[in-house]
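Here the chain labels run A, B, C and D in written order, and each chain numbers its own residues starting at 1.
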Amino acid sequence: MDGLLPQLDVVRKDFPILERTLAGNRPLVYLDSANTSQKPQCVIDAMVDHLEHHNANVARAMHQLGAESSEAFEAARDTVAEFLGAPSRDEVIFTKNASEALNLLANTMAWAGDRQVGEGDEVLVTEMEHHSNIVPWQLLTQRTGATLRWFGLTDDGRLDLSDVDSLITERTKVVSLTWVSNMLGTVNDVAAIARRAHEVGAVVVVDAAQAAPQMPIDLASMPVEERPDALVFTGHKTVGPTGIGVLWGSRALLDALPPFLGGGEMIETVRMEGSTYAGIPHKFEAGTPPIVEAVGLGAALRYLTDLGMDAVAAHEHAITAYALEGLAGVPGVTVLGPQDAADRGGAIAFELAGVHPHDVAQVLDSRGVAVRAGHHCARPAHARFGVQSTTRMSSYLYTTPAEVDAFVEALEAARTYFGVAS
Amino acid sequence: MDGLLPQLDVVRKDFPILERTLAGNRPLVYLDSANTSQKPQCVIDAMVDHLEHHNANVARAMHQLGAESSEAFEAARDTVAEFLGAPSRDEVIFTKNASEALNLLANTMAWAGDRQVGEGDEVLVTEMEHHSNIVPWQLLTQRTGATLRWFGLTDDGRLDLSDVDSLITERTKVVSLTWVSNMLGTVNDVAAIARRAHEVGAVVVVDAAQAAPQMPIDLASMPVEERPDALVFTGHKTVGPTGIGVLWGSRALLDALPPFLGGGEMIETVRMEGSTYAGIPHKFEAGTPPIVEAVGLGAALRYLTDLGMDAVAAHEHAITAYALEGLAGVPGVTVLGPQDAADRGGAIAFELAGVHPHDVAQVLDSRGVAVRAGHHCARPAHARFGVQSTTRMSSYLYTTPAEVDAFVEALEAARTYFGVAS
Amino acid sequence: MTAGGTGQDLDALYQEIILDHYKNPLHAGLREPYEAEVHHVNPTCGDEVTLRVHVSPGEDGDVVADVSYDAVGCSISQASTSVMSDLLIGKPVAEALTVHEEFLALMQGKGTVEPDEDVLEDGVAFAGVAKFPARIKCALLSWMAWKDAVSSASTTQSNGGDA
Amino acid sequence: MTAGGTGQDLDALYQEIILDHYKNPLHAGLREPYEAEVHHVNPTCGDEVTLRVHVSPGEDGDVVADVSYDAVGCSISQASTSVMSDLLIGKPVAEALTVHEEFLALMQGKGTVEPDEDVLEDGVAFAGVAKFPARIKCALLSWMAWKDAVSSASTTQSNGGDA
């Protein structure tokens, strides 16, 4: 098959969990990577090495271990900056996950500052967002008297841009959208929307939780009118650990926002009567940061970079095309979102006529095939298509065509089990 | 020496980093545990086992790995609940660190709800708080028009309760204080203050970041008038990993607070027009939680429980007494805070006449002795005593009397190096 | 670590009785009269149930006169709703609450609780579900809704009634 | 991983020159006139400096006429302030900025940059500091303050002046 990662079997050896067998001695077929990715040995080893040999708090500790730990932590920030092509490494803020990064933005915009959102202002999202890119903006708009608006979706699961002129107006203060949908797989034209949003002076926020794992990102090379003002992703989906996410924000935006969490490390001077705050990135990193997680994330992004994000994207594309082909051959399957692998991310949500997604997932699980069933934290997008839940298969760089075959076979088994095979 | 942990040398073998040698082939003498603690092998192993064999997202994943991961994650919640003697395991919220837990409380109290803080209301803290228990309340009071007040300190580093009647009044909505000071070592009478604060209907928040590692806590056994309404601690100081903290809150308090971060897992139903939220604990856990960190924290708290928190407290007490004794013998040393190990935590901040704390720490570091120099995120307490910064030594369950000796010797060396030895 | 779901286990989960109730659910639909209506969802997967309870006075206290519902969800949650309504309709509220507790204990017993067929009747078919942690919520969705509804139905009654 | 601070290294850090400046700091105190005053702190340790810059017009552009300060901090930060003020006072602003860059490069060079004694004079004594990551901020505190002050001093001048 064209496009697969070279030496895929060797790459798979990097991931210890792929050796796991499940109940009934079934080998693991992990097709839930849009939910969380598996971790290569080098990430685990980097974390262990840190904990066993270099553990200390950062910034505040001046001793040798402290210097080592601080250096490792700040080196991870450099790695993230490189991975994103960030214009400046100080624009990289470590959060606990992508959700916190989005909330950081929405939460601080409630308070006095150049970017404050208030009555009469509008925040624009889309109907295909993950709940983490909807609820923070609902909280912001409800709490400040602003209005939340959204792009609808076309029948084939793309953004409906027909009313863009009535949606993006002088009232629009923020446009926040996902780069790649975690349910429909849709890849949005972030550059075009950013260009439009910037014309009215809105802040553009991009949820790259699904994009960062799958495609090369180079912020610095984007024309500034098309470049988002902020972009978030999460460590655990980019072969890194849980407990860490990333907010990249332009210095101009981050400087304009008031502090989010208060505490150690985000201050300049604290007096009981009032405090002054540190510059970015520390301004937004209150308390002891996710140190060992940053070390793990750094190793993860270096691993991805060594494989080459172009190669990872090509692999994902090839596997997705193969899976779409396989699904097309299963009677009763309806894929939601773009039907074609072109311009599409690797998450494939589908319905199987006559079998509830839980039950599909259960039969698959009994054969070692791990997929997700439910609304995948994208309930509005499900509602848009009139479905309550779907089954979702999501591949990653370690997925083989044989695993896709096992998945398709398991779907046939589900049809038989629930008596819907003709 | 009385009170030391039995088989201290065996216990030390649990901590791989204690085998480390530093520059000049010096063995590590780690006396910076109030900053962050070292990790036993069992914590590291639990994390590795999870990453290598059970990694999956929680709650939302229905497959076998998902079930294993969810079970491990929720088991960690049970372990935390037991460690604190929490009345209910659902009252245990995982945050990213202690600072986030405090901010969660302060941030949500700005918004509509039974516990909303507004103009005319007062929040009461103390002058010995860590910045993480000052700045969040400054942000809250500044943003809502409420007033921040604080208990001052007596010359021997205890809370000055002489004006308690004018400080705790009907206007007081929140009293937030540390159980054990990270700078002065003072142990506060949390029960007495909680009783007073509850009389006026205030919410009582206890920062147990330094208490949880050193002393047994049993919330359920505290009379309800004396029991805090919320208590926070942080994983990395209790031999657990970074990236995880704990907020325990009474159900009554947590139910009364509006949501903090919005996103996946904290919702009940999401529609574009508005959302409803899950019950506790999930209501406050937006996004993918710190899964592998929870697994590590669970292992850490089981480790502490196996040693016995009474035994840990006794050890800490014995070492602190020995260190205070040693310091008393070094000319020019002034210890801040209670001079006596009775009723005192294990952090000892001091001045050495004629040598700046950075320079003290540097000389100590050159001999492998790791201490912290600066204001230890407690600048107001330093200002109270008219000092800009101090050196702090802080022991933990793995600290030996011989390490204290090495520390005292190193102080003498610093005096000699800077020519202040007579 | 326990792990549910081998090929063999599938049949333990999807007992014939469960599949029958799934295909032909009993007492489905929303009916009048009722004293309480609740709406419960499983936030992770989106399964939903709207459930009504009609309680009427009996010789030895209140009786569950009717349980009616509108539900979307998987085979386990659908079958569980059907089995539950059939089991509880006609029972004194006090007894129904005992059945509820018995079912809860079975589900939370991690597969170690021996179900009492005299009490649970078709409900014993759910014994296998207890070994699939991810599906326990499915089986419990409507039971939790019923508990919620019945307690407010009783409140509603005692509020509205004479006693 | 680099690691500073063996017993031997201590002397590399605490050069005689540094300890001399620490004990007898030059140009200390706050003086008039000045165009800009800034206050910088090292948030982690609390070291602070209040620093004033007086700029006056010279033949080939502005000259750093005075640098005065009030500082609390460790030996490295105190000595650095003293060395800096002695080095920059009297220099044309343009040249002083070059010296500033040279010192910055030295500090951020992780011990690999060979300092130019002609440019940095007593500042070369700080070469050893570059190997102690935690102390670099100490050495740079007042240099950063000066840079900040001198740029607003120039702005102030051009705002207030005729040119």
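Here, a contact is a pair of C-beta atoms (placed from the backbone, for glycine too) under 8 Å apart; a residue touches a chain by one contact, two chains touch by 3 or more.
None of the values given here were measured: they were computed from a predicted structure.
With steps allowed only between chains in touch, the distance from subunit B over to subunit D comes to 1. Simply put, of A-C and B-C, more C-beta pairs touch at A-C.
With centres defined as mean CA coordinates, subunit B is found 31 Å away from subunit A. If you average the Cα atoms of subunit C and of subunit D, the two centres end up 75 Å apart. In whole angstrom, the spacing between the mean C-alpha positions of subunit A and subunit C is 37.
One simple way to say how far apart two chains are is to compare their mean CA positions; for subunit B and subunit C this gives 44 Å.
Residue positions 22-23, 54, 60-64, 66, 265, 267, 269, 358, 362, 365, 373-374, 379 of subunit B each touch two or more of the other chains.
Shown for subunit D are the residues that touch two or more other chains, namely 3-5, 44-45, 132, 135.
Chain contact topology: the protein chains form a pattern that is neither a line, a ring, a star nor a complete graph. For subunit D in complex with subunit A, the residues that touch the partner chain are 1-5, 41, 43-45, 132-135.
Of all the residues in subunit B, the ones that touch subunit A in their complex are 16-17, 20, 22-23, 28, 30, 32, 35-36, 38-39, 43-44, 47-48, 51-57, 60-66, 96-100, 102-103, 106-107, 111-112, 127, 130-136, 138-139, 142-143, 148, 150, 234, 236, 241-245, 259-267, 269-272, 274-275, 286-293, 358, 361-362, 364-365, 369-374, 376-377, 379-380, 383. Across the complex, subunit D meets subunit B through its residues 3-10, 13-14, 44-48, 72-77, 132, 135, 138. Within the complex formed with subunit D, the residues of subunit A that make contact are 54, 59-64, 66-68, 70-72, 265, 267-269, 278, 282. Here subunit A touches subunit C in the complex through residues 22-24, 26, 356-359, 362-363, 365-367, 373-375, 379, 382, 388-389, 417-418, going by the rule given at the top.
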